[in-house]
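Alright, structures below, take your time with them.
Two complexes are shown next, each including chain A; its partner changes from chain B in the first to chain C in the second.
What follows is the complex of A and B.
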């Protein structure tokens, strides 16, 4: 079954401004461009009620000035998702009814923000997502349960237990991760070549 | 007369085998000489004596040893039994259904006495004699789902029904055909079935879901599925695939009869009364090729099914490495004679 039709995989859309009292926009790297595109169609007062949480990652400072130029009510730039997490949790807990959530960037970021949102009881239907930039995957090793971040190759070595994993298209929203299964379990002497395919 | 429970293993020295009586009651899954996915659902009504359908929940000679194997799996990996917080009531529903049916079907082995919410459960084969308060988890050694399914053969998934879908929100899975409860928990019907080839395109899952959503209490249904397993291993989990995967390279023409097993799952569907959840027991039966070919009809038919199996299914079921060897071995038992319709041996 091809990745596109794997039904456990979330379907992402295109960010567009929604009617709401408040807007929380979370993005990493190229996800910033999705916010800038949304801004082109946003009503004049949109960003006065908006909070942007941005993790530049590999994009570096490229989008920072443009995002700040939108004049959001609050702007936060974080060095990593893990660093931004406590702030994100607190923001969700404090968010009131009528807050709209927009998430853009890598699938790993979208999945993890969705996780935090679900924990906070944010209604699924009020969330918009858009995938931009790297196609790197978060992969959970089905054997040791450890998660390997930013996987771009097939197969990949589990960063926890060291098994060589086939990265499947089967996706768990609860883990925000694809499943990794030992690729040479039947014949451990068979070491397939590693190819860079998720970019 | 009670069941003669065997002491045997499903790992290490693999001492599992079926008695001749157990071979005769094996739920052979092919009613014709070929196989393809279909919406093969039928009412789960008690069936003929000396079949696995005689009672709603079959208990057989492997019961005690299977429960021991389950305990070993859970000790090593507690994530095989999980229940999201809103599923506790469905766990009590499950406990009630299994205790009631077991006591009714096998009074010599199980008994249940109810005095309001004070229950007394006796499971003689496993040496269990417990009094507890129905609905009060603190009176049991485990949560209700885990408690009763540690005493019931087969895996169990418990599905919550909401938003027009079924959600895998609880379960116990230690005898599975290579899927992970821990990974799939929280998924809906289409999501956990995502890796299955062809069936989505055939519309099988859309129709099946519609049927299941409408299932009524007191009208259980069943279907079967099958795969193959090398060595009589119950725990063919993805979690442990790196440990058992090499089994698949060990099949030779000399050892097919003892090593290669047809693995049949009888899957049932019960609507639960208090929670409105759906209980999905997946009962696994194993039979060695040596045992299977004691029925000439089964031998002929399984040879044809395996030989003509669509490649997508062979790949998905993980048979690719050893299928040619097994087909070759089975061909000795297929004289080309026609087979009679239906499941039973001739």
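What follows is the complex of A and C.
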């Protein structure tokens, strides 16, 4: 999954502490483990200037105590990205240059946080990202433009217009989604087998 | 040698004395019509025919990108320089025909920014004249901090202050006014991009301070036209062309290659754009790298040189050119 099959296919790295006055760390589920790993190499005062936004999702309470034990300046735990979004926007609005951004977890989370960061004028190349946990994709149907979340299969049925979509590696940073294209436009009765490949 | 393949024939329409060191030159197309579109931060290379010697110097365009009926540049006279600025000051008169290159921008605004923070030192103000005009035309958010020696040499500070009022901050050395850079950088909203143009020492200071304050490299833009440094003459073998040349004391390697009749690619002639990057086939001696283009690893490898600004000392040097 890490190989860049297409130029637009995002490539993720490993979180590492950057020079900065403040640090905003956003993670979902197993992304918490990436923050815990970063903490092993972080300067002593790193978390005193850090704000962690965590969406446990399928991981449940597993990582919460460990994250709190890092003693971040602020810690937020929320049920979904949508629930965390107002806080994220407000944080970007109030932030100054010198604030560094770290995102870890699912591709869907990384992409959506980067999307909000880009709206705030943050250069995508300056953001530290690390993919952990589910490889489920956020897919935009190129026909009806609807977004289908947590796609694990190839092909997938568009949750909006019902077309059967081939999930491409073609990625849009602007939509934070992979592009899904009708796989059987010429003959809708030709239905290829569905495989679960983005787990 | 010539100012590149896309040359423009122009006529000098006006020469204005701005202050004791700076003159402004206005160019229009000799054969009429508007000049090519450019964006703030772009430069042109001006061809100077100076007593059998051709000088090619880059100058930032300082006129508004919204008006391409003419181009204007401002040239600071450098009495100890290589002679280009003295030629412009002494020889170039209204009505004179000249040749310039198409504009090239190696210092453009990043329009994804929420705010543009500009820092200028001395004649480094010129690209910001065009950039502020471009941003003001579309309601852009910018702030300019301008350091200069004194009021008499605060080139265009009056124009800028009249146009943009409190967005312009002036720091005069002789008044002991100092830019508190750490404070300035720590109070900028997220989404601010930084631009700096001025002396090499200022650029180094701003970049180092920004890096320490946690500004990502992607948000820090700088431009410095490093004039080629003089040095000991050296001999070079151009293997592809099968020509041997000698680089004189006050000549750059690029200029010597051009004087031998070759037309290698270039854009900035100041060690930043990467166009003239040349492979080294063999050498016995040491390189004097002065560019901002090659990585430190490239510099150490001895495999590459930027002939616009870098030199060589030693027994032999063979280039793939």
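Quick note on the criterion: the second predicted complex is superposed on the first by the 193 of 199 C-alpha atoms of A that agree within 3 Å, B and C clash if a C-alpha of one lies under 4 Å from a C-alpha of the other, contacts with A are read in each partner's own complex, and residues count from 1 in each chain.
The rule is short, and it goes like this: a contact is a pair of C-beta atoms (placed from the backbone, for glycine too) under 8 Å apart; a residue touches a chain by one contact, two chains touch by 3 or more.
Because the structure is a prediction, the values reported are computed rather than measured.
In the superposition on chain A, contact is made by A:96 with chain C only, not with chain B. Legend: residue contacts after superposition of the two complexes on their common chain; A:85 is shown touching neither chain B nor chain C. When the shared chain is aligned, chain B comes close enough to touch A:8, but chain C does not. By the touch criterion stated above, A:121 is placed in contact with chain C alone, chain B being left untouched.
In the superposed model, A:36 makes contact with neither chain B nor chain C.
Applying the stated contact rule after C-alpha superposition, one finds that A:18 touches chain C and leaves chain B untouched. Judged by the touch definition given at the top, the superposed model places A:168 against chain B, while chain C stays out of reach. Which of chain B and chain C touches more residues of chain A: that partner is B. Within chain A, no residue touches chain B in one complex and chain C in the other. Chain A meets chain C in the complex at residues 18-22, 92, 95-100, 118, 120-123, 125-126. By the touch rule above, chain B contacts chain A in their complex via residues 79, 180, 182-187, 190-195, 197, 200, 238-242, 244-246, 248-249, 321.
Interface of chain C with chain A (complex): residues 110, 112-115, 185-193, 211-219. Contact residues on chain A toward chain B in their complex (touch as defined above): 1, 5-9, 140, 142-143, 145, 163, 168-175, 179, 181-182, 185-188.
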